[in-house]
Structure formats: structure tokens, C-alpha cells
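For reference, chains read A, B, C, D and E in written order, and residue numbers begin at 1 within each chain.
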Amino acid sequence: MNETPATVAAPASQTSRRPKLASRLLRHKSGAASLAVILIFGVVAALGSLIQPFDPIAGNVVASFSPPSAEHWLGTDDLGRDVLSRVMDGAKIALIVATVSVGVAAIIGLIIGVIAGYAGGFLDLLITRAQDVLFAFPTLLLAVIVSAVLGPGLINASLAIALVYIPRFGRIARSATLQVKHSEFLDAARLAGVPVVRMLLRHVVPNVMPSVLVLAALSVSTAQLAYASLAFLGLGVSPPQADWGSMLSEGRNFVTVAPWMVIAPAAALVLLMVAFNVVGDAVRDVMDPRGEHSKGAPIAA
Amino acid sequence: MNPADAGPETRANVLTVTDLQTAFPTRRGTVRAVDGVSFDVREGETLGLVGESGSGKSVTAMSILRLVAAPGRIESGRIELAGQDVLALEGEELRRVRGSIAGMVFQNPMTALNPSFTVGWQLMEALRAHGVRDPEELQRRVEQALAAVGMPDPARQLDTYPHQMSGGMRQRVVIAMGMINEPRLLIADEPTTALDVTIQAQVLNLMKRLTREHGTALLLITHNMGVIARMCDRVAVMYAGEIVEEALVRTLFSAPKHPYTSGLLRSIPRADHGRGKVPTMTGFPPDMAAPPSGCRFADRCPYVVDACLSDRPALVEVESAHKTRCLRVQELGGSVADLTVRGVA
Amino acid sequence: MTPDRGATPTPLLQVNDLVKHFPVRGRGPAQMLRAVDGVSFTVNAGETVGVVGESGCGKSTVARLVVGLTKPTSGSVLVEGGDIWARGKEGAERRRRMQMVFQNPTGSMNPRRTVGDAVAEPLQVLRAPGIRAKVEETLSLVGLKPEMADRMPHEMSGGQQQRAAIARAMISNPALVVHDESVASLDISLQAQILNLLVDLQDRLGTAYLFISHDLAAVQAISHRVVVMYLGEVVESATAVEFAARPLHPYSVALRRAALLPDPEIEQSRVEVGLTGDVPSPLNPPSGCRFRTRCPYAEQKCADEKPALRPAQDGHYVACHFAGIATATTALEGAS
Amino acid sequence: MIRPALTRLASLFGVLLVVSMLVFFLGSLIPGDLASVIVGHEGATPEQFERVRRELGLDQPLIVQYLNWLGNAVTGDFGTSPITAREVSADIAQQFPVSLELALLCLVTSTVIGVPVGIKAAVSNKGWVDAAMRASLLVMFSVPVFVVGILLLLFASAFAPDLFNVTYVPWQQDLVGNLRSMALPVATITLPFAAMTMQMTRSATLEVLSDPYITTARAVGVKRRRVHYVHALRNALPPVVTFLGFQFGVMMGGLLVVEQIFSLPGLGRGMLDAINNRDYPSVTAITMVFAAVFVVVNAAIDLLYPVLDPRQRSR
Amino acid sequence: STPGSTGGAADKTLTIAETNPPQTFDPIQSSQIATMYAWQHLYNGLARVDAQGELQPDLATEWKASDDGLTYDFTLRDGVTFSDGSPLTADDVVFSFERLLTKGLPYSQSRFADLESVKAVDATHVQFKLKKPNAGFLLNVGSPFFIGSAILSKKFASSNDPKTTVLGTGPFKVQSYTPNQELVLVRNDKHWNKDALPDYGTLRIKYMPDQSAQVAALSSGQVDLIFPSAENAVQLEKNAKIKVESVKGTNTMRLNINSGRKPFDNPDVRRAISLSLDRDEIVQGAFLGKAEPSAQIPPSLPGALPLSELPHQTRDVAKAKELLAKAGYANGLKITLDHLAGYATYLDRFAQLVKSQLAEAGIEVVIEANQNSVWLDHQNNAKYDIMDNVYSFNGDPMTLLSPRPGRQGPTPAEVTAAMAKATAGSPEDYRSNLQALMKLENDLVFPDIAVAAPMSMIAFGERVSGAEPDPTLARQFLADVTVK
């Protein structure tokens, strides 16, 4: 009469494994669309001069300030250079700044934030204070110092921005870690003997990621502007190669004379930045355990 | 006159649920967690809802106050609460019903309380939501409610945060919150699971007093057959989203008509079972995303015949106040309780 | 105290005079909450010890202390005679031999990882081969379909989550599993299935259980011995059979009395019984016997003198000056 | 009770000390030279250079310069600017209130916009109004401040010349004038900052919205708004507040562009000038001000944490 | 201007916008032109060079040089007082110049490098003694920017710090100064020349670092007058309510060449660079047409030479290539342009044009954009290849032609000789001697390549009339402006 259910045969499986993050992201409508936008910018940046209609840095002063036309789709700038080509050229810088500065900062910030939050005690104090020092340093000064030490240039300027951004990621990651630190699922993992590193990677990081992602997406935009100001101080790429921020700061002097000089780079910037933010949200959404229909209230089991 | 003194038939229905269907769209397809459930609860009456884990009891409870979370949806049916059509209510009307006409006690006390607010604040919040403003009255009523659920030192607990309480204490707070507005219907989803038996007894006594003295109707969801036995007037048994049997409590325990009910009752551990020798049913409930077309219990049922696999049985009233959902109910005679169940010697 | 010392020289688990105090800051000066206040018991290999007691009496805290999730204020937890807080690998190895099923299944699953991942975790750590197969097998053992491995915790009902949690605790064949209300949210048929399963596994693998529950019936259906706790202390300890027959502590008796029977005939005519009085606060426990404030038999002595846990009969220990004054039979008489 | 407060205080000063060392020693790594700035861009003999350097004390070893500075700084003396000969502390006393006001105003306005929109975005999965609001905030966020600022200026000068003031007016002097001078700068940065606040709030709110206690609150009939703005928000607050805290820090230090465009004599501009001129006393002092603000805000947030999250109180 | 004997209505205010605030009020302590704009309202010199390059009396009514050119005697004007009413005496003049010689910045001191001593002959006579004759001495005394030549009150300056407090003889006195924000000046009614006083009582100078914000301020009427950049002028010209006035300016934009470095020590390389520049395109591209091609001495100054008469001032790419080949760079050359970033937008555009124009001659230019302090550092230590720079006119045209020892290679002997000849020569021959020097420098392309002279522009609203910009960008003209 002892009937344990040990012999239950598994009914024919009709569910596949949970789809991977990437494929879920691709099914997220606005997420996929924004990913496509970023991809297009990536292609434009990668192909570079192959698809640019004109040389982005050579112009003809005689043809300056020509409004958009069949020849120059987005018009020409103060030195007669093709705005479209320059915008296309700027895509590369925008993407490098975005990925290097935010990528490096997010990864390092995540790591040290999670470690600080999880370890607590002295290590926490040390990391937090070190971050505080970085954070307490005026952004501009810090970036100037770093660029000065590393030398000017695109990558170095991006790294300088990364250094400036590390503490924000660190803080966010730390506070998110503190929130999950005392959850029972970590206790369960501890009981399972999960080593610390794996515990952080598998259990803590996924729960910390949402806030980090949102911040990362936002930082992509601010990084562009930070880069523009470093470029202004002479710490970015060497002119006349131009990032969108510099094009804008140049163009705004002509906003009533040649509005296309502002509109074109601004549109590119906005498009890319919004795309990054929507993708950030989308990743957040698909990472949400509550699945595709993420928003809304709970289910009570 | 105390409404509880009236005969059960003359008492008014506080809750009538008719053909409720609640579904969750998922990747695997639509899960019909509640699939055509009908029942009613009268003033001063206690209806027990028992059944398999995952059979849709909680979802039914949530549906009554329309608290089913998106993407879950009430697809069809009718819920009448104290004369109001709940599914037709909008915004503010619906909100006023919640808590005051029907109160709710949730299953999991560990998470049902807001960690950021004191217990006292949260209880007062429930009162404030229904117009109580006077601070002294708030304080008095909250203390009363906490005392009523057997909370030691109620005045002190007001300033306590949920995380500072044990599971049992939290559960009592949750119960107090469900009852604080003296609702006409109390929906209690496993209200005593986290409590030890002495406290459980207090809580049950309290609820019983409520139904007797205030005529509060009680929809009690529990796994504990002892609680059912003690508390309920009638019992509905759920299986895979459906009610498979509904009867007066004594009838159900003594003469269950549905094979599932019978199997359930026999699974209650008894002293004479011996360690690890509790008789159980075989198998597991069907996948609710693709339920079988026939009887949902068919693949676990010892009495299954071919017709069971193809025809979906209806819930029929086989005796007065006794409904069951089994094709073979007539054939199997009065009760399935004593029949030998397949697989159990 | 080690009731069974004679039977097995070193019990699997030995808990000695365990104390856990939590500092609580409220209004006024900081206070100590005495969650666990001098608890001792043992669990032998292959044995089930049931723990019952008032809610808030410190059962979960004991559970966490036993598996090493919380460090005790004082006292020790020994596995096969060795302290689980020993430095280095030794302690970690001892702690690893114990698993726990948490009281709250929802909270004990990472909301962002599948149930299968959660269940597989203890094996992944050991880098055992054939994890997926083992996970599916274990899931079916606890009555979950193998495909459930790919679900997220929130997609399962409370009972399903609970079973997954049990599967996780069992999968690495630990020497001891602490069940903190592990069957409370299951329906009875499942409860029975799980209880049978636990017994079966115990018979096959020799796993020991520390089984914490409010449900006396369930505790008796699985335990060899029963420990009764009240307000951070052990008040009674006996074999399950003995406990079923003759609970000696007034609190144990009250527990037995308050347990509901699955019989409407009895229950609906039962007069309202149960303990009166408020549960005292662990911040400020009563002097002497902690149960005296609710005990119908309390006398002055109970307030003055703390009763020690002493043997009443062979293998039956109780902490009461008047042990046996209340009996289950009188309780049952009172009930009918 | 007292010990933690003291260690806390000590660590704050520790941070300030480390910052001051960093700014001193790292600052010297920046290429460019104060003496060059002072000498200017026409001929000077090496001897003349030496003289200038000696007068500035730049010929001493850095460590001596630092210790001198530290000795003076603890007495509240941050020296005088070698460029303007003004007391650095007097300059800062003038710049600080400007930046503080700007940052506070922006913090308030961006929070007032960002938090509700963020909650709204989190709680409603449909509704094009929310989508549009979010989208437009994001768009505003991505347009550089110097473009938005200039457009606002142009529009205002063409259509509403009375609504703004092109130069800063201290509020003690004329409150209305002060608000007119702050209106455009605040408008310029409010939206981008609001966009950030909105995103953070949305994310934090989404995290808590699915918690069961939210259902509990709804079940007892708490008004929808109150559920969102009290019950949910309260639990979403810790990360949002952390974020707002560092937002405030960023604003104190990073509103340079706005200060430039709208001619506000704030710390950001002071810092830019100081860096450009390698006016080390000013650079150091302004850095210390930023650091102090940051440290104070940080400490305030840390103190706020247990208030916001009771679970962090008794541990 | 037509002020009455007491000036016009004292309650009227002229509000203008300047981009950069003054660093200091001490007229020997800054080399920054924006700082000197503030001095111009507050101080006077003994004499002043006018737009034609002629020296006009100011605090001194007359002066006389000795025959050997070593002694100059100045007679002070009667009745001159400082703005606090204290009279100007010879002691003040002596004090001012002695202060310059002991405490002045090298920048100011170098203008009077040949000055040996100053002494008061009596209360109204001052005598300057030079170490050697200097034909430019008087012109330096007459610097419109008062570089080292402003007269301070001895009594005041000994007891106050002139860096932060002011007492001068100028048409205005300081009412208040809020750094980075606003300088409020009021009319100095004690001024000796009532004709030089404005018809309004207050001059409010707002420091607005952003040019576009200045345009907005001007169009909204919050500011009466600004000094627009070329792009702002282009925009403002479309605004009917705003008047834009411009004159040919005396500033010159240049490329400094570090002749101490290879290959710039080779005159042919320098010539090639100069020949590669298309000055017309630069005028158009960098200045939007608001400039003219220029040699070291700009066309607006007397003594300027037509560019056609100067070697290497007209583009000839073929010849440039030829010279490069001759110098051994037939396959091109890669050089760095040390660009002064953040100074002016025209300079940014100029750098980019230089890059593209030199590229056509096979010279690849890498633009290194540097902040002021770095740029200055590179310059002072000769750590650059070529750098862009802007020179302003300070009275003595020699400063526009002087090599800068230590910042480039050694000065060729013929240049040294030509300079000595001009300095030692008579003031009457000064102009023609300088012209010869300029020709020589253009032939050697040393010490720098002058490219263009931007126009001096002002833009003002309807409240203002009678405003005429000064070619030197000097601000003294503001006292002549009439405010409605």
C-alpha cells in the first residue's frame, strides 16, 4: 500500500527550455527595433568612408552653408563640408565612446559594487571610501587629469569618462546587492555550498543588473556630452574629425543661419541615445522574471 | 435578530460566483487556472475550498476581488458580491468594495506585509482607505483588531515592523487587516498555515465568532482537513480549475461522491498509518495549459472508463446540497469512500 | 542533553546549549531578543526529529543555526562530533552535509533563475555529471513534471515551489535535511506523498531530518522523536510514540488538545478550547518557567524556579515542575 | 551609538584628506603651467620665469607646498588666487550659493517631474500618453544641454523677453529677479535630469510592484494612487534616493555648461576658469567644496537609508 | 558725443556684454586682453596712440625727446585729478613706472626694457631716461591698452592692492564688481575732460561667456551693446532692430613657427608653409568674410604694405611643393599644429583650414587642440611645430614684428640688425624702418606667418546711437556712445 510517486513517467514534453535572453530580446518589439537602430549606426560606423558620400573633413568654403539639397542631403557646414558625411563619420566616435566609457565603467562598477555590498565589513568600507574619493572629485577635473596622464585621444578620453562613471555604477550595484543580500535564496545557495564567486555571478549579479542596465543606458547619453566637453578642452580626437557633440557645439552658433548644422547631428544623437535607452529598458524587461508581460502586479501562488 | 440564527436557506447570498473563468496567457499557451467555477456563500456561512495544490483556489479568491495580476484575466463569468456585480464595477466603486464588503487574508504572511511600514500604520491604512480619519479611533480600532487575533501586547506592536515579527505574528496581522473593516465576506487563503495549533485555534475561534455574531460570510481556503471540519458549513473541492464536488461538510467527510475527494480524505495522516505509510493517490494533475478534453481526473481515477476520457462531466446536484462532477456517480452508487482504489491494496 | 547517547556514540548532529540573541533597536534603549535560549538536542543518522512549538518560539532560528546560516551567540552545533564553525575546509565540509527547506518557498528561489537551475545548484557545485537527468529525476520524485525545470518560480503555485525546494535540498544526498514547515503549503494528498517520499528516502539513503512543523499529525507521521519548544527553550523531548501516547508538559498537552481532527462530527461540537493568555515577548521572557503565564497549573514555584529539562522516563525529558499534571486524555475529554 | 558616528565622521574627513592629496599631487600632472599663464604669451626670460615661480612658491617641493596648504586649510584659509589676488574663500562664498540654488532647484523640479512619470510608466503597460511622456523625456535627455539652452534662449528672447534674466541676480537682492535668472537654466536641465530620475524610478518601482504586499494594499481597498505613490514608492525609494543623492552631487559639480550659457557665476565656471588658468589654489579649494558637499550628501543618504528601509535598522 | 559741461543724465545706463571678466585691475599684472578692456575705462596714460598710429596727448600735454634720444621730458596736464578728487602729480607718474620696473609682469616690463629711470623734475614735469635710444618708446607710452603705461595714484596704490581695488583718472570709476558676473562703473564726474565723459551715468558690463547668450540678451533688450563674433554678426545682420557696425581691425591672426626645430629651421620649409595658405579662403571660411588678408602690420594701420609687395603672402602651391622638394621633403611632411582651443571659433575654423590647405602642398597637419595653459606652456618652452596665435596692436608696431627669443629658433642676424636699426633710428624713420623689417621677415618667413586681420565689430540695439567700433578693439569709445 506504500505508493510513492517515484515512478511517475514524464508526460511528453511540450515545453522547450526557457529561451535565451537574446532571443527573448528579439521578440521584444521596441527592443528589437532599437537594437536594429544601433546596429545600423554600427554598420555606418564600420563601413566608414566606403559609404560616406563625401570626405567628411574636406570642404569647400565657397559651398559653405548650403541648405540640404540633392547633392548634400543634409546641407553643408561653415567650412562647406558635407553634414551627412560628417554625421556618418561621427557615428564611430559615438559608438566607441558609448561602449568604452560606459562598458568599462559598468563592468568595473558592477564588480566592485557587488563585492563591496556582498562582502561588507572592511572591504566594503575600503571600496566605498575609495569610490567616494573618486566621486567627490569634480568630474571635469578628474577627466582632465586622467586624459592628461594618458594623453589625448578618443580611447583615452573614453577611459577618463569611464573612471568618472565607475563610482555611480559601484554605488548602484552596491545598494542593489544590499537589497538581495539577505534574501533566502542566497541562503539556499549558500547551503548548496555555492562558492562565493559563483554566488555573485549567478544570484547577485542578475538581480543587480536591472538597475545597472538602466543607469548604463542613461550614461551612454551623458558620456557623449562628457566626451564633447573633453573634446572641447582638446582631449578628444584631433579636429577636424568631429563627434556629434562638437558638431552641435559648432553648429549652435549658426542655428538661425544654418539650422541643419544642428538638426542633423542632434537627430542622430537623439536616435542613437533613445535606442540605447529603449534597449536598456527592453533588456531589463526581458530579464524580469515575470517575463514578457513584465509590468503589473503580482501573482499570489 | 442575529442573521446566523436564521435557517441556512433563508439567509441571503453574500457572494455568488457563476461560471468564473480566469486565464493566464503564457509562452506555453493559455493556462485556464479557473475554468467554469460556480458557488455561493451566504451570510454567516463558512464555505471551505479545498483541493489540489495549483488547482486554482487562490486564483479564484483573487478573482473575486479582481486582484488577479496582469497578464491574468477574468475571461467570463459573473461575480455578485452583496448584490453588486463585481465585474461591472469601475475604479472607485471597486475599491470601496475591497476590504469593506469583502476582506482578504493572504496565503503567505512573510511577504504580504509591506516591509517599509509599521504594522500599525498598515492596519490604519486599511481603515483610512474606508474613511476612518480620527487618529484616536484609528488607534483604538487597530489595537482592538490586533487583540482580537491574539496578538500579545497590541499597543506595542503598532510600532513594530513586519520583519521584526515571527511568521505567526505576521499572519495574525494579515488576518487582522482582512477583518478590520468588518467586511460582509472574508476570503481567507490558508490563514492559519503559518500558525501553531494553539494560535490557530484562537484565530479560528475568532473567525467563527465573526460568522456567528456578525453574520460575516467566510470563504476559507485551506489544506487542513481539521480546519475544514471545524469551521465549515459546506465544502467545495477543486481539481484542475474546476469544482468537482460540493457538499455539506458532514456529508463530504462521511460520504464523498467524487473519487478525487475520496482519495484526498484518505490521504489524511492518521495514527494507525505508521511512519511513511499514508495512503496516497497516484499521478499528478493535468497541465492547465492543455487540459484533457474529458474528465480532468480521468488519468488518476481508479474508476475510469472510456467515456471519462472523452466526455467532460458536468457538476450535477446528485442529492440535495450535494453536487459532484463525475460521469459515473450514479453507477458507483452512494459513496466512493469505501471502494478500493486502484493501486492501494 | 543527549538522550540517545548510549545507542550511538557520536550522533550525526549535536546541538549544545545553543543561544541566539538578536539586538533590537526600538524606542528606548537597545534590547536583546532571546530568540533561542539554551537549546540542546541530538539527531542520529537516519533519524527524524520533529520540532513543534509556538510560532515565534525560535524554531526557524534553530534551523538556521543548525545549518550554519546564522552564527550562534553561544553554544555549539556539532556534526559527527565536529564543530560546524571550525575554521577552514573542515567547517565548510560539515555545513555542506546539511541542507534546509525554507519556510517560505517563494523567497528561497532566485526569481530570475529557473526552477531547474535552483534544484541543480548543489550538484553543480560538486560538478557531478548528468545533472540534468538527476534534476528531472528528483523533480519527479517530489511530484513535479520534469519540464517544470524550465519554469520560473513565479510561474508555479506555492505547493509546486515548495516541492521544488524539497527537491533542491534532497538532490545532493545530504546527511541531514532541516525542513522548516516544508509541507505546510501542500494539499494533504501531496503532503502525504511527500511525507511518504521522505520516509522512503530516509530508509534508502539514511538521511536524517530535523522536521519543523505546526502540524502534529504530520510530525507524528514522520518523526522518530519529537522536541517541543516554547519561547526559545526546549520544554519536552520524547520518542514520537511516547509523545503521542503521553505528552507530559502542559504546553505539549495544550498543543495536542488544540490539534484539529479531520472529523466534522467531533470538531463542530467541540467547545472552544485552547490556551488563554498572551504569548510573552522573547524580549522580556517571564521568570522561572516561561510557560507559566499561560499555564493553567502554574503555581508560585513556577515563577520562582526555572524547571530543568530532566528525564521523566527512559528517553522522555520534560521541563516542568509538575510534569504529567495535564494529560492528553484529560485534554481529549475536555474536547468532546 | 556614539562610536559609529565618530568613525563615520572620521571617514568623512579621511575622504576629504585623500581628495586634497589627490588634487594636489595629481593636479600637478596636468600639463600646462601657472607661471606660463601669468607670464602670458609674449617674451619672458628664464630668469623672469624663475622669479614668477618663486613668488608663487611653485619652486618648492610639492610635498612642502601641500603641507603648507594643509596647514592653512585647517584654519579655513585657502589662500588667494595668484591670478586675481582675490581670496579664494571669498570667491567660493560667492559661487557656492549660485550652484547650490541651481542644483537644488533642478533637483526639486526634476524629481517632481521624474518620479511621478517614472511611477506612471511602471504601473501602466498601455496608454500612449505615458509612452509619449517617456519618449519625449528621453529625447530631451539626449539633446545636449548647450543646444537646448541656446534654443530656449533664442525663443525666450524673441517671444518672452520679460520671462528671463540674462544675468544672475542673488535671491537676497531680488527674489523675482533671481527666479527670472534661474528659470531658463533650470528649464534647460530639468528635463534631462527628470528623464534620468524617471528611468531610475520606473526601474525601482517595477521591482517592487510585483511584491505581494502591493496586492495586500489593493485588497484592503487602498486607492490606486496611494498604492503607487505611498506603498510602492516607499519601497522603491532607497535606490531612487541613492540616485538622487548622486544626481545632486553631479549637479553641484556638473552644471558647468549651463552656468556658461546662462552666465551664472557658479562653482562650475569657477572650476573651469581655475583649471584653464592652472589657478591651483582655486582648483584645490573648489575641489574641496565639491568633495565636502558630496561627503555631506552621502552621509545624509546613509543616515536616510535606515529611515527608508526599516529592515536595515536592526541588524 | 555732445555731453554738457556736467555730462548727460546721470540716471541713464548703458549695459554691455563682454565675454571674459577681467582677471585683475592692476595694469601691470595681466597679459590678457580681456582684462585690459576693463582698465581702459578706468585709467589713462601720459599719451595715447590713435587709430592712425599718431600719438595724442592725454595726461601729458607735451613731451620732448633729447637729441641723443635718451631723455624724454613730459609736461603733465593741469587740473587732472583721480576719481577721488586727489590731484595727479609727477610723483604718481614716477611711482607708476618704478612699480612697473620692479613688480611688473615680464609682459609689461618688456615694453619698457630700455627704460633706465624716471624722475620727477617738479610737480608737473617728469623725466624718463633710457639705456639706449628707442624709437618706439613714445608709442609704448601711448599704448591704448595701458600695458605698463597706466598712471596710478601713489598714495592709493601704496596702501591698497590695485589688483582688486581701483583708483584711476579715467572717465569711469568702479561702483561694484562681482567676479564672473558684472562690473558696474559710474561716470567719474571729477574727470578733467568733460568732453570725454559719457552722456549716461552708469556703465554696466555683464560677463557672459557664451556668445549666443549675448545675442539673446541683445535681442531681448537686456543688453544694449555687444562685441559679436563673426557668426553672431552674420546672424544679427538679419535682425532689423539690431545694428552691426564694423571697421577694419588691427588684430592679426598668425601661425608661429618654431624655427628652433627641424625642419622649420630651413627657411624654404617656412616659405612653403606660407605659400600653401590661401588667405582669401581663410578670410571667408574662418571669418565668414569679416576680415582681410594681412601681413604682420595689418592694412588698417599706417605703415602697412600691400600684400602684393610682400613675398610669400600669396598662395602658390606649385612653388611650395618645389621648395619642399628642395628642402628634402618631396614626399611630404608631417607636422603638428598646436591649436589654442576655446579661444575663438574663428581660430578653430582657421586650424582646420590650415590643415586642409597645407595638405594640398603635401604637408600633413595634425591638429593638437590645447587649452590656454598648455598652449602657453608649449609656447614658452618652444615645445611646438607651428601654433596659431592672435596678436593685438599696442601702439608700438614693433611688437607686431618682434621675434620672441626662447620661443623659437635664434633670430637671424639680418633681422636683429634691421630691428636695431629701427629702434636706434629716429622716430621719423621708424615707420619705414619697420616696413623694411617686415619685408625682410616675410622673405625669411620669420618669426611667424601673419594671415589675416579680423574686423572689429560691435552690435547694438535701438537705445544706442553714435557707437563706432575701435579698430584696436579698445573700449574707450563706449564713453562716446549716446544712450536713449
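Operating definition for what follows: contacts are C-beta pairs under 8 Å (C-beta built on N, C-alpha and C of every residue); 3 or more make two chains touch, one makes a residue touch a chain.
These figures come from a predicted structure and were not determined experimentally.
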| item | value |
| --- | --- |
| Any chain that touches subunit E and subunit A | D |
| Pair sharing more residue contacts (C-beta pairs) when B-C is set against A-C | B-C |
| Whole-Å separation of chain centres (CA-atom averages), subunit C against subunit D | 54 |
| Intercentroid distance (Cα basis), subunit C paired with subunit A, Å | 49 |
| Cα-centroid distance, subunit B relative to subunit D, in whole angstrom | 55 |
| Cα-centroid distance, subunit A relative to subunit D, in whole angstrom | 22 |
| Residues within subunit C bordering two or more other chains | 24, 104, 106-107, 143, 145, 154-158, 160, 193, 196, 200 |
| In subunit A, residues with contacts to at least two other chains | 2-5, 8, 11, 14-15, 252, 255-256, 290-291, 293, 295-301 |
| Shared-contact residues (touching 2 or more other chains) in subunit E | 212, 342, 370-371, 374 |
| Contact set on subunit E toward subunit A in their complex | 211-212, 229, 231-232, 234-235, 238, 281, 284-285, 288, 339, 341-342, 345, 348-349, 351-353, 355-356, 366-371, 374 |
| Residues of subunit D that touch subunit E when the two form their complex | 31-34, 36-46, 48-49, 52, 83-86, 91, 94-95, 150, 153-154, 156-158, 161, 164-168, 260-263, 265, 269-270, 273, 275-278 |
| Footprint of subunit C on subunit B - complex, ascending | 26, 50-55, 58, 107-108, 110-111, 150-153, 159-160, 164-169, 171, 190, 193-202, 204-205, 223-230, 232, 249-250, 253, 263-265, 267-271, 273, 275-281, 284, 287 |
| Contact footprint of subunit B on subunit C as seen in their complex | 24, 26-27, 52-57, 60, 103-104, 106-107, 143, 145, 155-160, 181, 184-193, 195-196, 198-200, 202-203, 214-218, 220-222, 224, 244, 254-255, 258-268, 270, 272-275, 278-281 |
| Partner subunit D, residues of subunit A touching it in the complex | 125, 129, 132-133, 135-141, 144-145, 148-149, 167-168, 171-172, 175-176, 178-179, 182, 210-211, 214-215, 217-218, 221, 224-225, 228-229, 245, 248-249, 252, 255-256, 262, 266, 269-270, 272-274, 277-278, 281, 284, 288, 290, 293-298, 300 |
